Amino acid sequence: MSKPKIAFFDFTSCEGCQLTVIDALQTNIELLDVVEIVQFREAMSEKGEDYQIAFVEGSCTRPSDETRLKKIREQAAMVVALGACAHLGGVNAIRNRQELDDVRQYVYGDKAEWFETYPARPISAVIPVEAAIPGCPIDRDEFVMVVKQLLQGRSPVIPDQPLCVECKLKGNVCVYLRGKTCLGPITLGGCDAICPTYGDGCEGCRGLISKPNIESLKNALEEHGLSFEEAQAKMTMFLNYQMMELEKETAGNGK
Amino acid sequence: MGLKIMQKAAFPGWVNRLCASCRVVGPKPLHGQYVFDDIGAAEELAIDYSTSVLPPKKYILPQREELLYFKGDQIEAVIEEASQPTVIMGVHTCDMHAIHFLDRVYEQGYTDQHYLARRENTILVSIECLRPCTESSFCKDMGTLSITEGFDLHLTDLGDEYAVDIGSEKGEALLDNLEEVSDPTSEDYQRVNRVIAEKWPRFHYKLDFDVTELPSLLTASANSDYWGELGDRCLACAMCTNVCPTCYCFNIVDEVDFSLNAGQRTRQWDSCQLDEFATVAGGHNFRETRAARQRHRFFRKGKYQWEAHGLIGCVGCGRCAEACLVHITPVDTFNQLNLRRRKATAEVK
Amino acid sequence: MANNTMKIDVHHVTRVEGHGNITVDVKNGELKQVELAIVETPRFFEAMLRGRPYLESSHITSRICGICAVGHATASLRATEKALGVEPSEQTVLLRKINFHGEILDSHILHAYMLVAPDFLGVGSVIPLAKSAPDVVLRALRMKKLSGDMCATISGRHTHPIAMTVGGFTHYPSNDELYRLRERLEEARADVDATVELFQTLDMPDFERDTEYIALRKEEEYAFIDGVIASTDGGTWPIEDYRKVTNETIVQHSSAKHTANQRESYMVGALARVNVNHDKLHPKAKAAADALGLKPKCTNSYMNTVAQVVEIAHSIEDSIEIADVLLERGIQWEEPVPPARLSGEGVGSCDVPRGILFHNYVIEDGIVVGANCIIPTGQNLANVEADMRALVPTILDQGKEAVTQSLEMLVRAYDPCISCSAHMLDVKFE
Amino acid sequence: MTTLLKDVLDQTSIYMPIMARINKIRELSPTEKLFTIALPEGYSLDHRPGQFVEVSVMGVGEAPISISTSPSRSDGEFELCVRRAGDLTNVLHAMNEGDAIGIRGPFGRGFPYERFRGKDILFVPCGLGLAPMRSLINQVLDERGKFGRVTILYGSRSPELLLFKDELEEWNKRDDVELHLTVDKGDETWDGNIGVITTLFPKIEVYARNTVAIVIGPPVVYKFVLIELLGKGITEGNIWFSFERRMKCGVGKCGHCQIHHLYSCQSGPSFSYAEIKNLEEAL
């Protein structure tokens, strides 16, 4: 079998996930033997257009992104969202709750209209994607695992389990017992619970598990001293897009 | 097998001696809690700990454990080689009961050689608990606040000395050539008796009924509204099962290297509280609601294991109650069910 | 002459962070237009910070840039700490410095080895190099792993550090971990020497254009975190006066704003730092500078990469010294210093891999109500364009391909981190 | 001759599969393939109808698959009918004759079919349920004289998805077997019954006291078929099911297949209604 050709693309993002891919090479140099990278703007000048697997980093934040995404979709047999921005809208979606004109004006003043933009969305809101590697940034080992699964002809799945699972398996002292709060119970695990391990509560960068008990967690947050606004802020740092979608859904059901 | 008396002053030296000859693990302080971890020197050991985040179970049934290596068609089982025993220091009596429970599960029917190898390679030095470790513990109800067998060595704090019960030859060997250990006098036996008698009233019953009634209480509570109430609260975070000393469910996953035909098959702890646990291909989930999963959890502890193995699956350590962010606890659950049953019976009358 | 008319349009300069396009328009030997356009989508971080609890700021702003994540987080923490009257402990300051060196190393190694070196070795990327010069690539990966591990040891990871927080840390490395790190830093000296040797063999293009160089400066050390703003044209400013130096303007062809101080443009980054702070370099780094022929004041922008190599030597040595201090005292568990007040304004500044960076916050009752971030690449943009205007006429006769290559290399030498420069604005804080 | 199960017990690990060969692959429907498996020389499967094996593709995973061959017809070889349902089964479907797969087992207690002798047998397979049922059906047919009336009610979603069409044809031709088929949705080739499985029940007559009914199908089917069977007066102890549960180990350790206090992999997957009627979540 010939080596699968893969390509990397970036949209609105900090490019930390692509850097994480470069970092993954430090311990997995064999990757270069098993795949052929035909496009990786951040690391190489060559540009190949015949790729089978496209890794897409970054959110869709303006109309011209849609055109580019659709072109990638046409070419690639498989599109993988790389990281929170592509998977969830990421921190870019924080602004979705604010008035867009206001946001633009705050940053660009009276020159605001020079810069095209609209609410940040995950790429799956624009094109179908076969898989997502969650996280802000992605986890190196998970990236390598996904590549292997793709090479095996499997569709990569991240187990639908909350972060608390691996946090407890690591034997961490729950940050709630240390006077802090954490989104671990509703967040998809897979990052090896790195934030609680380093003493900080999870901020939800990997997105929600499929059936989160958000109401119950809100009560727990409140019990641990968070005001409504603080709890809201916590749940909208990375999860704003998902939360707004859920709100729309509940509003829809109410009708 | 006999009793010895060890000067407390000699304890650190003894631990250091053990550290030099084998792997020693035991409780260490961490962020206001305790965790079982490798001990390099006696001073790291916090033998008077309250309870640990994870039970010492993890040394016998590790969170992740390779079962098989494979390369092409060649498969090799990974059974821990017993080059050096692991001494687990300071196991509380509830955790001792839990390990005996696991022994029964893993040895019955098809014996799990991976578990067995680790188990045989483990030396258990347990310690008598003299006061309840947390608000949530209810070992007295579950009959686990003391132990009479199954340990290799068992320590009882007598003030300036430890009474050391010897439970096995392996345990006895740990004391070989130790000068600060003496034979007990008849007064020493009385002191141990006294310490144990005195500890008893310091522990309190937490259940409103006797534990022998638990299986029948649960049978009667299968359709209680209480499960729905728990289901609304439960986060399905699986903390309760992951900190449990008697939970043993696992998942198996394969990992490959870049050749794609070599790698390992690994088992890792799983939890019945997770949505995927009882879901089969095609998406049918036999315990779809959190309520059903909570019921399964408590039934498994208080009834199913009793029916399958003749042992109650809960040892009263209270870890799950301490861990649960929404305060779902065995004591409250069992007492609530009991209360509701009594009310219901009263109404019928 | 065919070369008299030339239109160069490089869509997305590769091997840089983010998206930048070069446009050069020459008609009949006359330079019509030279632009480096930032086509990165605007990120709106300042707007997103408004309304967020102050503790979130450093985590949100580290997402401005994946490669300067530690720098952004550090500047953000300093701004918050100044606003809220927090004076971090000495241990915190030292740990932050090692963490910062980790990022300087990570970024410089990435840039020098993986982004710039291929130009000189005649390949399109580091990937073919893995076959043709495996020792070079493996060395780069090894050094990069070390720098990543420095950050991981201190703050959890490099891209988006976790354990750094207002007033201190939420996690500390053990003495063992720090000790092992120190040992590896020592071992890395051989790699540093090999790096210097490699860059001695690479000929930087001749191109001199004097400009103003701006960097942080401290009397006691080679400054990366805090200090005063200093210029090679003379003058120092407290960092609170950053607006007087940067003078941001919005230009239509770029989502990043342009800046200017005493001339029409200025340069920031490794070369500016070495030009401003050469006397503070570690002796081993000075030796590296001598070996590489880098003397202040150097006015060749292409030498920015060489200045980075010099800083690699400096960061390794300085980290070893800091580790020694920390190991001598032993790492103490310290709770973060709590804020003295919950409202105030503060400016934090760091000299991140690409140059001087400012974060300025206004906080009310623990909530950020105003924010401004000025990013190094944005400050360099006007200077890059000025360089291009000076360079193009001198090389016009070499043909379009060569001109394109030279311009791309010039842009790359600045190590632009375009994703983060796409911010911008001027807010009035009343 | 070592039996495979004995080998599991003798292995250094109960999780160790034996590598066997795929001898033949036959496509039964767009989603199901029949794999003929040959054990290595010197091994026999020695199974009972209703038992299953754990099938491994190393590097992908393991899954429980019922043995579709009756003990009466397996000799060194046995068949597995596999539906493409996910990770492992997708990979299996992409494999070729001659490829190697891992086998552990047989596990479970299977059906106590000796006890069914002398009785009328009513088989009710639905969909993929025919795969495990076929083992029992053929065993009964190979000992035809020992059983009373044999009736088979088989339901499928569409004619295309009917499994083992050749054998259905054969059974249909026999005059000692009564076969009724139904599909949820017909097509132009179909002139038989259309409707869910329960629509077949009015077509048959049973002598309840002497009938054993065996039902295998997707979870939704059991409740409805049970009503029919109890309605016909068949006793609880004579109604048998085979349950599908998630399974990881097959040897009563991993906890996934637990129904109440019973491990489906050990005490099942076949259960009589009498055994499980009071166990919450069983049906």
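Each chain carries a letter (A, B, C and D) given by its place in the written order, and its residues are counted from 1.
In this text, contacts are C-beta pairs under 8 Å (C-beta built on N, C-alpha and C of every residue); 3 or more make two chains touch, one makes a residue touch a chain.
Please read these numbers as outputs of a predicted model, since none were measured by experiment.
The interface holding more C-beta pairs in contact, when A-C is weighed against B-D, is A-C.
Inter-chain spacing, taken between the CA centroids of subunit A and subunit C, is 25 Å. Centre to centre, using the average C-alpha position, subunit C and subunit D are separated by 66 Å. Averaged C-alpha coordinates put the centre of subunit B at 39 Å from the centre of subunit D. The distance from the centre of subunit B to the centre of subunit C, with each centre set as the mean of the Cα atoms, comes to 52 Å.
For subunit A, residues that reach two or more other chains under the stated contact definition are 152.
With touch defined as above, subunit C holds no residue shared between interfaces to two or more other chains.
Residue positions 255-256, 260 of subunit B each touch two or more of the other chains. Checking each pair of chains for touch leaves A-B, A-C, A-D, B-D. The touching residues of subunit A, counted against subunit B in their complex, run 28, 30-31, 33-34, 145, 148, 151-152, 159-162, 164-165, 168-174, 176-178, 184-186, 209-211, 213, 216-217, 219-220. Partner subunit D is touched in their complex by these residues of subunit A: 152-155, 157.
Interface residues of subunit A, counted against subunit C in their complex, comprise 10-20, 22-23, 25-27, 29, 32, 37, 40-47, 61-62, 65, 90-92, 94-95, 98, 102-104, 106-109, 111, 114-115, 117, 136-137, 194-195, 197-200, 203, 230, 233, 237.
Those residues of subunit D that touch subunit A in the complex are listed here as 59-60, 87, 90-91, 94. Against subunit A, in their complex, subunit C makes its touches with residues 12, 14-19, 40-44, 46-48, 50-53, 56, 59-60, 63-67, 69, 110, 114-115, 118, 124-127, 130, 138, 141-142, 144-145, 148, 155-160, 162-163, 165, 169-171, 250, 252, 255, 419-420, 423-427.
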